[in-house]
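Order of writing sets the labels: A, B, C, D and E. Residues in every chain begin at 1.
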Amino acid sequence: MKNSITVKRATAPRTTAFSALAPPAAILVALVITWQVAVMAAGVQPAILPSPQRILQQGWEARTTIWDNTLPTLQETFLGFAVSLTVAWTLAILIDFSPWLRRALVPLLVASQAIPIIAIAPLIVIWFGFGMLPKTIVIALVTFFPVTVGLIDGFNRTDREAINLLRSMGANRWKQFVYVRLPSALPSFFTALRIGIAYAVTGAIFAEYVGAERGLGIYMAMMKNSFRTDLVLAAVAVTALVSVCLFLLTYVAERAIIPWHSKERRSWHG
Amino acid sequence: SATGTASSTALTPVAFALDWTPNTNHTGLYVALEKGYFTQAGLEVKVLPYSQSSTDALINAGSADFGISFQDTATFAAAAGVRNISVMSVLQHDATAIGVLASRDDIRSPKDLDGKTLGLADPSATFPTEASDVIKNDGGTGEFRKITLGTSAYEALYAGKVDFTSAFTTWEGIDAALRGTPMKFFALHDYGLPDQYSVIVEANRAWTAKHPAATAQFVQALQKGYQYAADRPDAAAKILIDANPGAFENTELVYQSQKKLSASYLKDANGKVGTQTAETWQQLADFLYRAGLLADEDGKPLTTALDTSTLFTEHYLNEK
Amino acid sequence: MAEATPPKIELRGIGKSFPLGRGQVRSVLDDIAFSAQPGEFVAVIGPSGCGKSTMFNIMAGLETANSGEVLVDGDVVTGQHKHFAYMPQKDLLFPWRSILENTSLGLEVAGETKKTARARAGSFFAAFGLSGFEDAHPYELSGGMRQRAALLRTVVQGRDVLLLDEPFGALDSLTRTDMQSWLQGVWSQNAWTAVLITHDIREAIYLADRVVVLSARPASVRLNLTIDLLRPRELSMTTSAEFAGYERTLLATLHKETLPPRGP
Amino acid sequence: MKNSITVKRATAPRTTAFSALAPPAAILVALVITWQVAVMAAGVQPAILPSPQRILQQGWEARTTIWDNTLPTLQETFLGFAVSLTVAWTLAILIDFSPWLRRALVPLLVASQAIPIIAIAPLIVIWFGFGMLPKTIVIALVTFFPVTVGLIDGFNRTDREAINLLRSMGANRWKQFVYVRLPSALPSFFTALRIGIAYAVTGAIFAEYVGAERGLGIYMAMMKNSFRTDLVLAAVAVTALVSVCLFLLTYVAERAIIPWHSKERRSWHG
Amino acid sequence: MAEATPPKIELRGIGKSFPLGRGQVRSVLDDIAFSAQPGEFVAVIGPSGCGKSTMFNIMAGLETANSGEVLVDGDVVTGQHKHFAYMPQKDLLFPWRSILENTSLGLEVAGETKKTARARAGSFFAAFGLSGFEDAHPYELSGGMRQRAALLRTVVQGRDVLLLDEPFGALDSLTRTDMQSWLQGVWSQNAWTAVLITHDIREAIYLADRVVVLSARPASVRLNLTIDLLRPRELSMTTSAEFAGYERTLLATLHKETLPPRGP
């Protein structure tokens, strides 16, 4: 029974992948061509707005440097996001277990998002230096909120009757959490993870802008001051690519960790 | 203050970009603003505060018509295809230097900076090479760690998180002393580098071509402001302080700094402000060229020396 | 008034009201009393929102009553949960667990090792028509099969009384009829004492030995009707005159109840 | 009948407002006191970390300057967010009407969020100067995405059977939109609006950091460079306050525009 | 074969299958044919998922059939929507509209001015027991009232045939019984031709002049049973022998149907 489902779906992805990618690709190509033609026709200085072709060509020539700067950014992203996830899980679990903490912390968490990180980022550097710590802090600050909210929301999404069922079986609060609330929250968690990871990369770039030795952020800042707008945009493209890849990776992780979720969803179609 | 009486003729708008938050390098500008020199000249000057975008780029793109820049970055920019023109100098000599905390006994001369950490105040393309050259000329290898910190560089230096930085002896130097954490400096021209106009006023070349009269009016009004600052440091410092409420925690910094600038940096040998010479421009460009720092817009190192004769002009200055 | 053999379960004077804040309360249960003998099948019907689920929650120890007590075998067990196994209206099979893991959940929670829990639950699969679906996941099962798995999860806990809260409410009428006959079958082969909440008068008559009718909120027992139909009951009996008689009685009692009052 | 509901609820807010505010306020006060004591005990330099008391006092002295800088920021926020809302509604409606546009645009919109705005913000200033335009663009870039996604999601949340009902009445696509899809989407829209408006203020600060004549962002940048950390943090507090006020304002707007939503929700309690 | 007076509506050989991608199709309706005379009340029952709603969608012009035609008064109207007024299972009253605005929706959509639309809908409020609730919002109404408002919204459109898709499926059994008697009352005072989908055999017998039984998917007409009970029908008639006879017949027919096949 399971096999038949797997086999049935096996051929699907290829055709759908094409039909899913064709429309956005078409628009993207149209945009790039317009841009190229406009730059060529108007004779804009490359320092002000380089043509896509120039970005590609110069970016390719600088590929080793760009790659050398991508690695530290990736490293920061992973470390920062790992810390962010730890914080988010801790907060969400605390909030889930204590109604008082929920009432106390949730408004503060929301308010914390109203603080302009760009203004305190330089202070963070002064306080914590320019090693991994300040970057980790900035990335965590930027990303912990959506993940925490997603988790809290996920825990709350647990069916009240499922909790009652567990209670009728004699499960204490902790067992209720492990057997029902935790697995119920995982789909929400993965949705939140996706939002978080996209912010994590731009957060790392941001942290580097404020103070770093290497990394895509500092590379962009340096190229900007060397009037190499083409290389700035090449690095922007690389950053976007990295974000999109990490974003897609979360789908892989989701399938691996909560296979029942996507399977169940798919079975509703049939 | 005499904010010029609004005449019936429309004023020509001018956007002026700053390189940093207000400091004594800008005194002449605020004097000219407060004394109404610009309005009298038929100009409405809008000051664009310091931002993430370098003034060279802003002026090149036409986002600003004039702005404060530096001879070294302007030379570097010109090689990379930027078309700005320097219309006056602000400081006749190089007031920037390699700065370290005075308390650092382990750093006695530039060669001790090998393997240390540089905190860059802005991701300047020129300073690290200049510093490296200084160290080599002092017998070191010229290798060090480079951290781009932006405006936090000085706090990082005071806090001991970086070992050296580039600083204005006439601003950060005085500030450090007043704070009780004094700095010591290694001047670049003491270690084989040519002297330079560390602060200049740049213009968008197309704008000057389109508004030659307004350009002259502007430059001369600004020159008049800086002349005032050179002649009356205390009065000028007060104008700067009043024009920027809240910006100076310790106004003593402004007075001391302005005194020093007025005494040794603003006036040329003839007591005139704003003048520039072809020698000073070409010497620095030749040095940068030899150091392999100048690159064209594709990032390829220049293969012939840069001709600086078109990068500056004294044409708009007051004749007097 | 102590009897020789006490009933399997007994409810005495259960009252319950919910505080609504600002001093107001919503009175839900008012002096509920009934009992079930060992092996008896009791159905409870009553208007929507009258408090049937609240009564179950009190029995299962999920909610505390304001007054009254719950007895099992003559002992007061109010607030304890270990005597009642509860089956909610929704099947509530967890998508992240296989059917075997779902059905052994109660035993695992009670502290059995996974192995014993699964072995015990697995031994019921044949009787419940679920053989071969041990490793299947809930989405692979039809509605009727899911409901059977949910009942298996309930009975495997080996508690004294089964509390079934509208177990077939979500099924369509054909599947529902099938499940009713099936339930009657497995019930007759086991000695379960069961209390069933239902909205469906004919389901109550078809399955129960006794039907308890509750009034609108605050609920109290309005009728306690013994169903004297032969077992095993056939589908055809539902159109018999006797059956119709019970139906008329229950319908009349229920329709005397006003619609549930609105408001707090 | 309606009146009785209103009256019944009228007394509720006061007690709930207190019990809702007390726990976060308690935590906040505890944090601020710890901070004050720590700074005093350790004798930290105010330029590195000023005490809360100093922030309050110096901030109060600089209140006119801070207020003068708050106004332009507010103005930018409103203009930028208005543009963002216009873009979001336009995109969402287009996407709702055209399945092709949906497939083409949604991936691009998601990818657009992977672009590090900090890297292109300086370019935006170079391209568009120092006026309102670049700020509007940055704010719109930062905020249009959550609003657009919220709207698309809201339109999709429309009951399929409600659409069928309208079709059976002979409603064309446009009437279906006006009578069902649009009102169905409004609750989602307000949720998204809340997220958007919080980002709008920090977006404005961000845009100013990149280049502005006046505003809280440039004020913070200037104060930072003058080592006035106390005034930076005072301005941060003002920014957060403004964000929170605008955030709360969306609830007022929601109640005014879709009164049925909150009433219906409340009636489920009873 | 043309008759003197054609039936009000007639379905002829309606077939429908859904493409599932990769060349597979799901066959849902197979040669459905039945008719209703003017003023007749026809009930349709069939296993869950057999295609009843699909059939309604085809009649209401929401879905195109692969074969067959729909006739009204002898004219082919396949694909047109203007002859059928449709009432879905959920009441689908819009929370952002008052009850009057909800009930006049169909007329507004059809291009009437708001004023006339509301006046027309308002004139039905007394008959539907909704007087005084014109300006109320849906959340203020009980389940039964909401269902009456939904029916009002349907009939006010003045179409030839009412299509009622399980209108009482979401109500509890008591409210449901009340609504059935009420529907019988308003129907008998008007000359509506109505087709009712239901899962509830007794609802079908109680309300309809004729019951059409569909087979499991792909659905075809298995039985076309005329219900010869006097009108107005009383609640007590549901326990009569005649009623029980119809019930047995329908139950037997339905249970001959296998459960709907799983798979594509």
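Some points to look at:
Throughout what follows, a contact is a pair of C-beta atoms (placed from the backbone, for glycine too) under 8 Å apart; a residue touches a chain by one contact, two chains touch by 3 or more.
It should be emphasised that the depicted structure is a prediction, and the values quoted were computed from it without experimental measurement.
Each step here moves to a touching chain, and the least such steps from chain B to chain E number 2. The best fit of Cα atoms from chain A onto chain D calls for a rotation angle of 180°, in steps of 5. Summed over C-beta pairs in contact, the chain pair with the top total is A-D.
One finds 41 Å separating the Cα centroids of chain A and chain B.
Separating the CA-averaged centres of chain B and chain C is a span of 85 Å. Rounded to whole angstrom units, the spacing between the C-alpha centres of chain C and chain D is 49. Within chain A, the positions touching two or more other chains are listed as 48, 122, 126, 209, 224. None of the residues of chain C touches two or more other chains. Contact with two or more other chains is made by residues 57, 61, 151-152, 155, 159 of chain B. Contacts from chain B toward chain A in the complex involve residues 54, 56-57, 60-61, 76-77, 80-82, 122-125, 145-152, 155-156, 159, 161, 295, 297-299. In the complex of the two chains, the chain E residues touching chain D come out as 57, 60-62, 81-82, 84-86, 88-90, 92, 94-96, 105-106, 108-110, 136-140, 157.
Remark: chain D residues 47-48, 62, 65, 121-122, 125-127, 129-130, 209-213, 218, 221-228, 231 touch chain B in the complex. Interface residues of chain D facing chain E in the complex, by the touch rule stated above, are 1-2, 159, 161-162, 164-171, 175, 179-180, 183, 186, 258, 260-261, 263-264, 267. Partner chain D is touched in their complex by these residues of chain A: 19-21, 23-24, 26-28, 48-49, 100, 103-108, 110-111, 113-120, 122-123, 126-127, 198, 201-202, 205-206, 209, 217, 220, 224, 229, 232-233, 235-236, 239-244, 247.
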